[in-house]
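Residue numbering begins at 1 within each chain, and the chains themselves are lettered A, B, C and D in the order written.
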Amino acid sequence: MNSDIKIAALAKLLEEKTITRRRDFHRHPETGWTEFRTASIVIETLIELGYDVKFGNDVIDEANMMGVPSTEILEENMARAIAQGANPDLVAKMTGGKTGVIGTMKFAKPGPTVALRFDMDCNDVFEATNENHRPAKEGFASINPGCMHACGHDGHTSAGLAIAEILSVLKGQLAGTIKFIFQPAEEGVRGAKAMLAKGAVDDVDFFLAAHLMMPKVGYLAYDVQGFLATSKFDATFIGVPAHAGAAPEVGKNSLLAAATAAINLQAIPRHSDGISRVNVGVLNAGTGRNVIPANAVIKVETRGATSKINEYIYECAEKIIKGSAAMYDNKVTISQMGGAASGSNSPKLTETIGNIAARIGIFNQYEALSNIGGSEDSSYFMEKVQKNGGQAAYMVIGASLTAVNHNLYFDFDEHALTLESQLIATIASDLLTK
Amino acid sequence: MNSDIKIAALAKLLEEKTITRRRDFHRHPETGWTEFRTASIVIETLIELGYDVKFGNDVIDEANMMGVPSTEILEENMARAIAQGANPDLVAKMTGGKTGVIGTMKFAKPGPTVALRFDMDCNDVFEATNENHRPAKEGFASINPGCMHACGHDGHTSAGLAIAEILSVLKGQLAGTIKFIFQPAEEGVRGAKAMLAKGAVDDVDFFLAAHLMMPKVGYLAYDVQGFLATSKFDATFIGVPAHAGAAPEVGKNSLLAAATAAINLQAIPRHSDGISRVNVGVLNAGTGRNVIPANAVIKVETRGATSKINEYIYECAEKIIKGSAAMYDNKVTISQMGGAASGSNSPKLTETIGNIAARIGIFNQYEALSNIGGSEDSSYFMEKVQKNGGQAAYMVIGASLTAVNHNLYFDFDEHALTLESQLIATIASDLLTK
Amino acid sequence: MNSDIKIAALAKLLEEKTITRRRDFHRHPETGWTEFRTASIVIETLIELGYDVKFGNDVIDEANMMGVPSTEILEENMARAIAQGANPDLVAKMTGGKTGVIGTMKFAKPGPTVALRFDMDCNDVFEATNENHRPAKEGFASINPGCMHACGHDGHTSAGLAIAEILSVLKGQLAGTIKFIFQPAEEGVRGAKAMLAKGAVDDVDFFLAAHLMMPKVGYLAYDVQGFLATSKFDATFIGVPAHAGAAPEVGKNSLLAAATAAINLQAIPRHSDGISRVNVGVLNAGTGRNVIPANAVIKVETRGATSKINEYIYECAEKIIKGSAAMYDNKVTISQMGGAASGSNSPKLTETIGNIAARIGIFNQYEALSNIGGSEDSSYFMEKVQKNGGQAAYMVIGASLTAVNHNLYFDFDEHALTLESQLIATIASDLLTK
Amino acid sequence: MNSDIKIAALAKLLEEKTITRRRDFHRHPETGWTEFRTASIVIETLIELGYDVKFGNDVIDEANMMGVPSTEILEENMARAIAQGANPDLVAKMTGGKTGVIGTMKFAKPGPTVALRFDMDCNDVFEATNENHRPAKEGFASINPGCMHACGHDGHTSAGLAIAEILSVLKGQLAGTIKFIFQPAEEGVRGAKAMLAKGAVDDVDFFLAAHLMMPKVGYLAYDVQGFLATSKFDATFIGVPAHAGAAPEVGKNSLLAAATAAINLQAIPRHSDGISRVNVGVLNAGTGRNVIPANAVIKVETRGATSKINEYIYECAEKIIKGSAAMYDNKVTISQMGGAASGSNSPKLTETIGNIAARIGIFNQYEALSNIGGSEDSSYFMEKVQKNGGQAAYMVIGASLTAVNHNLYFDFDEHALTLESQLIATIASDLLTK
């Protein structure tokens, strides 16, 4: 097992570089579909390491991009990325927010294809600026107002690049193909579908993803089950305005259509196969007190224990929304704003990871997460790989967080990045040598 | 004007016969579309008086019959009518509830066509049986359980026959055509439309109808305005049942579809052109507590100051009902159960009647009803005649009622029938001599 | 273990008597709270066997009786029971529907208290009368129209009496106390609570109940988990009627209050601790199309994976119903119509039963029911016994049903009664000899 | 009638001054409750003319001020008013938005009290800035962004000051008392109630108000009937937020409470006494898609043909809103945002005005407005005066508008101001000389 030792040494060696990179990303956070600077750095690094790199149109299917910002915002952020050092040629090729990157390396010997997925986007959070917050104190807090890496994707991306470097060093002894998927827009579960639709994991035998989380450094959960499938969408109702006093009969009331939809969405039956959820988180309708309201929007989220349950709920929701609009003679459009599949780790890959983790001995606490509950769009990749007969796993890695995810005081112990790099590189190496 | 005197004398002469006939009708009341015995007597009487009589299929359009009882009930009532003395051959020709009758007499000299309309049906009321109630005391209370003439149509029908007799006596001096329309199913405004659809008033120049009402004998309202247009319909929802605990997602909930319709029907806008009303009077849904309900019915009524407003409400209602059904993936059918047009008396005919009433001097109190408010399906006839350029009027005749309409103690002062006969015969005679 | 042999022989010996008794019960079925004849026979039999018998007021708490028929129906059924041979004195003591019976036998030696519970009521079903249905063919089909033992409680009751006889024979060798609970009104889960409230199981260490089910004779499920807690209730809304056209503002609309309640009951949140259900199975409101409806009733059922979840749902439901009534200025009353606790078998007792079943070897198929899903009000007794530190178990016994429960062709292989008697008597004997 | 000639001459003489003043007001528009500069000018002018002037706390009842802007906005606008030339001492006395002014002159001889009411506030409109718009072309367009006199209150205020000047000239020949009411916040019908509550018209015998409108200069409507009573209010719901996926049962949903209120508000019955209206113009609820929404606001407006109908609707609305909140265990507060009474001109005063208008002959088109339909809060003053036995009238004066009210191109023919001044001064003079 001297490759274990080699990987451990490489991970250690890259620690400082990885932390520096993480802090650079932390200082220049970019929200979903605007990761122009981050992706540029990823592209250049992967090319330098000898990977075959695809990005922009080649890896993002425009029709499946969900929750994309307006052209104005995209253009502003492209300009900001360039101003903050991004390669203008690369940025130009990501026009429209196509900020996904895939780096592939085919080894000499035949073997399986292993995919590793990392997310790159930040949150819509104004970062804390006071001395209690290490990034502020040490000068690497966000310089992009309203943008903050408050979910650790800066760490994910830099660990991904470290792993890419480790595996490139080991390439002589590996078989098959390694594939690095750097995904935009994980927040809001908006980005995976567009990469999936371009075939990102069509040829993948093993798929791995990971997330830094609250527990102390040394914690590892590799038996993860129960991602909820989810769909996120907006319904926009358009009616006809009218003076509420003088000619109410002329109006077509969008507020009432939306309110009827919101209430009746709650009546989608509970499902006997497992957990179901539906939430109308926002309803905004109308412009003036004395006008029959002719515009309304509802922001809806559904979840299901399985993708099938979630689809059932979605189909019911569609009927309810369209029926409500018809009742009030409104036009309605439903826009997809995000989505994720349900999912659980493949048992065999779980076992493999457990054995490797035990072997390399860098973690001191193991846990099974039998009902992770939330939604993550790496589940789309997992589902596809598993359907094709491959194996997939998601890991949760302790990072001694300073605050809960999405909090303005979020920070983590960067030593977790070294552990993450070593673990994932070792797993990939194992899978690529058999 | 010695014809005034002649008519007065004839009306007086017929008083006893008319009262006898009214009491016979009162004792054998028949609800809407089951007036087999009543219609048989009307037919035979009109034939005897020399009228050209049409009935059954010739005067009732099946497709426009609303709220017809089941075949079983119709057959039961046909048998009862025969058992109570109706002519079986006539009854047979009214199969399906086609109990309308039209008697026409064309006079030698050319002239206008005058139509007089009388309604024949009783109410779904169990008549009082104690001594305080004159019909019970004097032995002419209903012998048909659950059926009672509690709105005076027994009086209308017998007054109609008296007028037919008076005018047949006068025929030598009259010009044009007189037409007696004996209509079934006025309660629930279900019957006029089916006679209208067969052309009952297509050729009519003057149309008259009347109703006995609460005020004392001697009261007359001939300037009547503001019948509300109305539509009455049932919506039946069919879903899919399911066990509410074990597999709720299999169900398609009709109760919720109907409840959503009922509530949202209230949101049909008030109309700036005048009065609008909508009522869901009945909602019945579901069979068992633990079953997703898969059947529901709502009984709805709309009203509008004008037929146009009522149509607007009806169209909105249709959208709301269909949308609600679609929301819950239910099938829905809407059945017409009744309807009436809006309407007001023609000013010129109002004036004519006023002059005649003053001339014959048998009434001592006159009132204009500028907002009668309710609905009556003679309005369909009035609307049609007025649209064709003719004149129409509805009169309210005081009858010293003993109780409000539809009450089990309803009765009236039968002298009102003589006044009604004399007034209407005189108006018709006037119109047919000019 | 020669007591095993003794019990097997006694069960065999009683087979014919048990079948005869079952057919007698089948022929004279009585619905919930009207089991006057059935209970009379149970009482007389238990007394004869030497049991100390309590019934009527002594075992039924009036305030906790749910879904009791009207006094008229109760009186009719008391008369019918007497006409069909019930002891009039016993029937009189069960006035008001207090048809529960508890028979106790205290053995000489000290020991635990073991309770066995059997249900006695039939279903509201018209039994099949043709030759394809064995009870009809062989002359023991129901003679009480609309009443049928279509859920096997006739079998439960007769098996209970057989077990009572077996244990009375063995009394010399037993220690502690045996308690037979014959419960009325299990259908609709209405009866257990009233016996619980009178302390039926307050002193019980071991509790057993069983149900005959679809699988072939020889099937036994003794590891039963996941009864859903449930509550069943009606909400009755009282408003103020008004003429819908003439004075709608006078009315207080009960139909809309009930419809609003029905829809918003669906919005009770899904619960993160487990399964939740809510169903409005029936809504009836209003009397006439043109009247503002002033009466409405909804029939509601809630279920929860735990009693706590069910209570949460019930409390939300109460708020929604009261709020809806307040919106329309209605009075509302909520009547409890049934209820059951959640529950699962005690693991230790499950193990005990498994060992005994294996030992006596009369079953050939074993199954664990880890999510039984439905509701049974024996769960109230189980919950209480388990809370008091005792053990409780529910068993499902294969009976080769000819049709699903509650079907008009329901029947079963009566040999299952012998297996049930032998099994339960052996378990009780074991528990009472340690 | 040489006072007619005198008034005509004075009105003509003041024309230029009035136009100049109107343009100054037009250039410095101030929205409801922020009329600090306008009121300062009114105060100073009235004092100069010899009126006894009250303002601030003396004429505005704080508890009855509706729809008042935030303290920040009020302070900003006070500063702006001073910067644009308002007297700082006067502005200080109007702190809190108390911008109403009453100027009174008691004449030597005893006589009736005549009140004239003028409104001063502008609209929330960005005025057109191009050459097609005369105020822009001629340099008197608004310099306060988002504020524009687009309803002619600049004209009303300057006409009011002209009339004040005319009557001050005539004071020697007048009897009784003249009272000028300069009201803030007519837009949104928010201001009259607060002046009414301070007794503005408690002693008034004759009340007059007027509005410039679309018809050509020369048009006068003085027989105005049918102001709708109205109430305008916001309902704010506060619930409890929760994660929609993880713990939905923790939440108390405000969006659903508000939606239920919005829909059921539509079910407030139509009223048989006349026009009723209810509109929910705005519903805003929730913050994030995946959060159970814990905040909601609805903006509601009711109208009724009479103040009584409006009160009925308001009371129903209150029940519905409170019931909806109770259903979802929300707290709710209802804030009054505006209101007006129903009303019609006093017939005798109408006649008086008609005679005077005919006498002075400056109008060439007269119209009766029998169903003005909208709402105006001068109706509160009218209702009060009429209840006290006085007479009140509202007049509509043609001003050849260039665009509909509230439009960014609104302007009018300033000659209308001269006609308005002459007419109202003449009426007041007549009433004060009898």
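One rule holds in what follows: a residue touches a chain if its C-beta (ideal position, glycine included) is under 8 Å from a C-beta of that chain, and two chains touch if they have at least 3 such contacts.
Not measured: the values here are computed from a predicted model.
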item: Chain pair with more C-beta contacts, B-C versus B-D; value: B-C
item: Furthest chain, CA centroid comparison against chain A; value: B
item: Chain B-chain D separation of Cα centroids, rounded to whole Å; value: 52
item: Averaged-CA centre spacing for the pair chain D and chain C, given as whole angstrom; value: 70
item: Chain B-chain C separation of Cα centroids, rounded to whole Å; value: 54
item: Multi-partner residues of chain C (each touching 2 or more other chains); value: 246, 248, 256, 260, 263-264, 266-267, 270, 277, 292
item: Chain B residues within the chain D interface of the complex; value: 263-264, 266-267, 270, 275-277
item: Of all residues in chain D, those that touch chain A in their complex; value: 228, 230, 232, 244-246, 248, 255-256, 258-260, 262-263, 266, 277, 279-293, 296, 299-301, 303, 337, 373-375
item: Chain A residues touching chain B - in the complex, by the definition given at the top; value: 246-249, 251, 253, 256, 260, 264, 267, 269-273, 292, 312, 319-320, 322-329
